[in-house]
Every structure is written in C-alpha cells, then in structure tokens.
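Sharing a structure, written as structure tokens. Questions coming.
Letters A, B and C mark the chains as written, and numbering starts fresh at 1 in each.
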Amino acid sequence: MDNIYKPELVEIKEIIDETPDIKTFRLQFKNPELQNSFKFKAGQFAEYSVFGEGECTFCIASSPTRPEYLECSFKLAGKTTSAMTKLNVGDTMGLRGPYGNSFPLEQMKGKNIVFIAGGIGLAPVRCIIWNVLDLRDQFKDITIICGARTVADLVYKNEIEDWKSMSGIKTVVSVDPGGETTDWKGEIGFVPTIVEKVSPSANNTIAILCGPPLMIRYTFPILEKFGFKEENIITTLENRMKCGLGKCGRCNIGSVYVCKDGPIFSYKELKTLPQEY
Amino acid sequence: MEELIISIDNLKEIARELFNNDCRVIGTTAENKFKVIDDPEQLILNPNSVPTGSSFKEFFFPKTEPLFFYKQNNSSIDLIDPVIDKSRIVVIGAKPCDAAALPIISKVFNWDYKDDLFNTRNDNSLIIGMSCHYNDEFCFCNDVGGSPENRKGSDVFLKPLADNYFKAASVTPKGEAFIKEYQKYFEKDLGKNKPLVRKEENPNHFDYDKVKTWLDNNFENKFWDTAGEMCLGCAQCAFVCPTCHCFDIVDEQNGSCAGRRAKNWDACQFSLFTKHASGHNPRDNQEKRYRQRISHKFKYYNDKFDEILCTGCGRCSRGCPVSLDILQIVEEINSLSQKSNAI
Amino acid sequence: MNELKQICKDALSEKKARFIIGYKEDKNKRIKPFIAKTPEDAEQLTFNHHAVNNLAVYLPRFKNNVEGKIGIVVKSCDLKAVTALIQENQIKRDDLFIIGVNCSGVVLDIAKEFNKDNTQIKCKYCQAKTPPYYDALADESKDFEMPDDDQAELMAKIDKMTSDERLEFWNAEFEKCIKCYACRQVCPMCYCEKCIVEKSEPQWIDTSSTARGNFSWNIIRAFHMAGRCIGCHECERACPMGIPLTLLTRKMGMVASSEFGYRHGMSLTEPTLIGTYSTSDKEDFIK
C-alpha cells in the first residue's frame, strides 16, 4: 500500500530562537537518500508532525538552492506548535511533502522584484528571496520590505542584516507604531504605509506579498495605485489545512483547493475567487 | 446475453457462502440499517423501504481509522502501516442513491494523490444494487442525474419480481465475474415472475443546470442570509450522507511511547472546521457554512470533478433536528434562477 | 393559531420584539424553527403537536447582540430552558419577549401522526401545560391521552443491573456514536463557546469515534448536564444513531431532585445547584 498520509522521519539539526514565539528548525531526513532526492520549489509547503501531538502546515522556509537541509519557521499557535517548542536538537519529527504550487520563478526572471512581508509571512518570502539571490544575475533590482509588530517580533534578524549589506538590494525594515525600541533605526509604520512610502516602480516588476490577511488586503490597492498589474502581484494564502493532498475538504475557496491549486495565487486569480480566505 | 433471475432464498445462500468465505456481507435487516450480516436469514431486500438512516459509506470510509501507528524506542521512532481489511466487501441490496455515491467520492480520493485506504476497500468491493420503489417528499434522485433504476455504482443490478424473485443483470465486468462465480444460484428467466413496478413516477423538482448557473453567479446573495439561518451546525447531515467525505487528522497517544494518527469524519458545518490558528475564520457564521454545504454539493464538486456531490437520497433532511430540507433549499434556488432569467 | 399569529404580528409591529423565534409549517407540512422579522412574516408562525424543537437553543446566539427584545415562542417545557439560561446568566429576562403557548403534547417521531403512542414521555409529567410566566399567551390547551413511560421501566431495569452489566449496556450504546455532536448542538444548555471535546491542550477527550473516545464524550457530556438538564428530550430526538441519551440525563435529574431537592429551570431567582454549596449537602457520594 502506498500510504500518502505517512510522513518521513526528519531530525532536528539546529534550533534558532527568532522571536519570543517563533523558532526556526533546521531539519534533515533520517534517510540520507531522501535528503538527496527530496526536491521542492520555492513557495511549497509541507506537513510537519510531532508524534502523539499532531501535524501542522508550514511553508518550507529554506531555499531549494540549498538542498543539504530543510528549514521551517513556526509561530506558537496551538497543540502541535507548542509541542514543537519543547523539542531539542537531535529529536525526530515527521514530514510529508512538498505540497502545493510554487512562486512563478520563470516568470520572475529578468524582472525587478519587490518582496513585501509581515510577521511570520517573511518565512515563505525568505525562501524565494534566497532562491532569487542565489541566482542573482537572472533578476534585476530587488527591494525587500518587511515589517513586524515590534522589534522583538522581527524574524531572521541576521539575514536582514546580510540583505542590507548586499549591493543592488534595497532593504526596508519597519515595526508597527509603538513597537519600536529607543535605539530602533528602521522605519515605523504598518507595512502598507511603508510600501506607500517606498513607492516601488511597477515597471517590469513583480511584487511578492505575504503576511496577515489584513496587511494583504490593505497593500493590494496601494500596489495597484503604483500601476502594478493584477497578474504581477503574487501572494500566498493560509487556509486551514489538514491533509495537504486535496482530500480532507477544509482548505477550499469555492472550487479551488488551496492545498493543491495554491497556496500561491496572483491577485488576478484571487479576484475570481469568492471572498472566503 | 441470457436473462437471469434469482430468488431471495438463493441470494441468502450466496450471502451465506460469502460469509463462510470471510467476506464482509453488508445488507439491511429488519431494523433497516446497513450492517455486516452474520446471519443471512436476517437479510431483507425491500424496494419499498425508506433509505436507511445512515449510508453505507462507513464500510469504505470509516468514521475513524488509523493512518499509521508509531512506537518510540529511545531516540528512534518506528512508523507502522495500518492493516486494512482486504476481505471482499459485498453490499447486497443497495439503493441507486446509495450505490451511486461510491464512484462520486472515488474521484476526490483519487485525483492526483491516491488514498489507498479508501481504494483498497473500494477495489475489493462488489455492489449489488436494486431498483427502488420508495419515494417521499425528501427524495430527489432524478433531479441529480439518478433515478430509481439507475445502475451507477452497482456491479450487479436487481429488479424485484413477483414471488420474491429478482431479475439480475451484471453492470460491470466485476459483476459479470461475480454472477459466473455464483451461477448455480441463478436461473434462466422464463418470464414466469411478473416484474414489480413502482406505483408512480418520481416527480421532478428542479433543473440542475439552472441551479448550477445561479450558484455560479450568486456567492453573494441575500438568499444565503436566511437559507442556513436555523442550522445548528451539527454534522448529522454530513455524517449520514453517502457523498460527504471531509475528515480531520488527529494524533492519539496510547501510553507515553506509542500511539496512532487517525483520520476521522469531519464536516464543514462545524464552526472550527476552517478556523485558522490565528483565530481568523473565513466562514465565521453558520450562514456561510451552510452556503459552503450547498455550494460544494451543487457547484464546487461539479466544477472540479464533473459530478454532483449529492445522490438525492434525502437522508440529511429526514434526520435534520431542525428539519432543514436540502431539496426545498435547492428548489428555492431553482425558482430564484427562474426569476433572474425573467429580468 | 390565529391568536398566536395575531400576538406575534402585534408584537412585531408595536416593536415589543425585534424578531420572534417561532415555528412555521413548510410546504411539506413539516414544522420547523423560523425567525419572523416582520409583521408579514408572523403570518407564517404556527404551533401544533409537531412543534417539538426547543427554541431556547437559539437564544445564546444573541447574547451579546441585543438591540430590543428577542421574541420567543415557548411551550411550558421549553420555558424551563429559558429560565435555566437566565439562571446561568446567559440571557436576561428583560431582553426577552416571551410568547407562551398552551401545549397539548408533542410528538416523539415528527414523521408520524400525534397519538398516544407517539407522544413524548415528558408530556406525561408536564405539570403546567400553560407556561408559568410569559409576556403574552396563545391558544387553548386540550386534554390528550398520556403515553406510557417505557423509559421508567428501562431505568428500573438498569438500576437493577450490576455495574459490569451496566457498563456493557452503555458501551454497546456508545459504540454507535459517530461524534456528529447533534446532541450538543440541539441542547439549549450546551452553550459553551468552546466545548470540552474541542479543548486540545490538554486533550481531555479523544475526538475519534473509538470506544474510548465515544465513552468519554458521552459520559462527560452527561456529567456536564448533572442538575442542569431540563428534560426537553431534544438530544435524544436529534441523535441519528438512536442512542437513548436522556436515560442518563433524566436519571441525574432525578438524583438532583431526590438528593438535593433541586430541579433546574424552575425559578428565575433560585441559585443553581452546581453553583451553590450548602452545609447540608450530602457528602456520602464522595467515597
């Protein structure tokens, strides 16, 4: 029997405390052959599990250009994520995947890219950022706008510093008003406001947008105002999932299964779907 | 092909033989419930009976089933596949609205990824369908592409004749092989037993194409504010339904080092079904959840799999604690579609 | 009937109620819950032997959402649920416009005609066919033939069982459960925003429909009904698997009444059994 619900075993190789409630796990398959044969594309997700606690959905936060390991960044939310926070390096987890569609990497080549992320939404965006940076010469100008509620809530702090120091990349980091510390040197404001301030050019540009539903909702009109075409605004959805396989029936938006037909959608595609996300 | 008939007694004999050969024989008894028949004498085939309270989907897609077991020894973990009962499942006397459900849900269990838990049971099954002579205000098989004579999903199909005989015909190669296997129980039809016919034709209630077109264009419509207003958000309707197939995945510990991951029936009418971990819920009221139920059945599934996710058996309505009647809801949509045409 | 329609029409047009939760008859002559929002809607309101639903189940929905009063049509037995909800601070008496109906018994099986064998057992013991309090009252109660109380016979039988036999009896019943939660959803007293079966940290009850999961679900729900069930029989009527759920809740109600002299939903001002401690409470059940 081919058991599509049975995960493969992975081992935690490294744990990074990103924020008080977000951690990044670096994982490796217990079976080294799988580590070599496991292929995925930026934007895809997987089902991660702690045996006896449950399974949950996270995007793969590392880049496919770095196949020696897989990373996921997760925020403490409920049963499984709280069990995950109690795990240590060397512990075993389950992983099924990769599932879903991916960012349109081919379509992005030769273009300027604006990455916009809020909170834990930077996880899937980080995957595609490194993917793009590892193939740097195939893309034009790159802008990264990321925000968090407070300074403490910013994820991937070291990598943000890396991006800032790289040439040909404009990196803007912001925290919500009230979330700044006295020595905060970045921007202060909600992500949509910062996007407005940065005012990226829509010319030959693709925008990748990921974050909480409200952030996305308020950023769309701003990008449209700057002249971005609907098909050049790409976002990801996070409908609740269980199977990731188009079976369990909970992730649908109208006739679309987000786990199979998504989670990546262009704004143009989103507009054809009922407002149920 | 030769026309065959079989007596109820011989059907029971087949059931007995199957039972003795470790098959799971599913049929209805005096209680009018599908169950594993261990005493063939109790088997009842009554074309006039009301559809059973629950469908027989639980024998293919159980209310709870293990996906795998895990065992932890020190730092290593073993994952053990579940043992799926591979014994043959023979359903005797399925109504057309029951039998039709299997090929319908087989599509979702098999597009792209294949669910072998369902497939193993489905592949090892044989469905003996039977014409239906029942009809009540909740039945509407003929509005959703079925009929009381519809053979979809059946491998062998029976038509009741006088004196407890049935005309038997194979529908699929599987059914043909089955009749051959048990040919000693079948007789040639000499036309002695008159066919029993249903008293009246089933009425037509709505035009599916119109309903579908209306649903295509009316995700936002004030109709939805009242359609599901009284719905209590239980899962009676989904769990008795032959075509509902949603499930949850949960882990259960059995001691500190072992346990299982299970697949359990779940339903879109539960408020937590779509609730995100952040607390955000795209379907945050019962009206939206009811819209999902109706739209999934009569639009989304059709868009995706070219099947209506409903066989018109009427179970959901017969059992609804607040008498929400899916047929009346669809009839209302039908008349709304007529109105919007008139404008 | 006309009286009920008129009362509701007037209540809506005089804005005594913002809307009225009542019953209507559909085109197949089924009686079902319905919310009348306009005086015209009130034309559809009706009441008869088939008006089984305990409409109090809808009240907690409007708990935080009241502008003007909620009208509700209640039988005497349903009023107990309304009273209990008021006692448990789920709704305020002042936020309700209660339209009492004089009841002459309701059916057990909604698909069948009303007669002696198709009458709910609770009707036999209903002491007030006119609701004890209301803001308006409709219709005349008629005498009807009382059903037999088969449940009491079964209860007596179960009482005589050994605990092993009893366990076997209930295991066989609970095995049928499919965890559809219809029993919970129809129950006016099951209003928790997060039911215990949905609490996952820790996981009190297995959500799977296994023997273990079913047993803990059904027993824990019954425990949560101790001294709270008002005996409307809706859970048992709703259960698609035919599990005799009220055997448990009725028994516990009887214990609450014999041991503590308490019956829920009988007085707007009486403190609830679960919420009070009295020095005269028996403690011999703590062993």
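In the analysis below, contacts are C-beta pairs under 8 Å (C-beta built on N, C-alpha and C of every residue); 3 or more make two chains touch, one makes a residue touch a chain.
Model, not experiment: these values are computed from the prediction.
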{"item": "B-C or A-C, whichever has more C-beta pairs in contact", "value": "B-C"}
{"item": "Reference subunit A; chain at largest CA-centroid distance", "value": "C"}
{"item": "Whole-Å gap between the CA centroids of subunit A and subunit B", "value": "39"}
{"item": "Separation of mean Cα positions, subunit C and subunit B [Å, integer]", "value": "32"}
{"item": "CA centroid of subunit A to CA centroid of subunit C, Å", "value": "48"}
{"item": "Set of subunit A residues in contact with two or more other chains", "value": "78"}
{"item": "Subunit B: positions in contact with at least two other chains", "value": "248, 250, 252"}
{"item": "Residues of subunit C engaged with two or more neighbouring chains", "value": "none"}
{"item": "Residue ranges of subunit B touching subunit C (in the complex, touch as defined)", "value": "53-54, 63-64, 137, 229-230, 232-236, 238-240, 248, 250, 252, 262, 264-265, 267, 270, 272, 318-319, 321-325, 328"}
{"item": "Complex contacts: residues of subunit B adjacent to subunit A", "value": "67-68, 70, 72, 75-77, 79, 81, 84, 108-109, 111-117, 120, 219-220, 245-253, 259, 261, 263, 266, 268, 273-278, 280, 282-283, 288, 292, 295-296, 299-300, 303-304"}
{"item": "In the complex with subunit B, residue positions of subunit C that touch it", "value": "26-28, 30-35, 53, 57-58, 110-111, 178-182, 184-186, 198, 206-210, 213, 234, 237-238, 240-242"}
{"item": "Residues of subunit A that touch subunit C when the two form their complex", "value": "78-79, 82"}
{"item": "Of all residues in subunit C, those that touch subunit A in their complex", "value": "200-201, 203"}
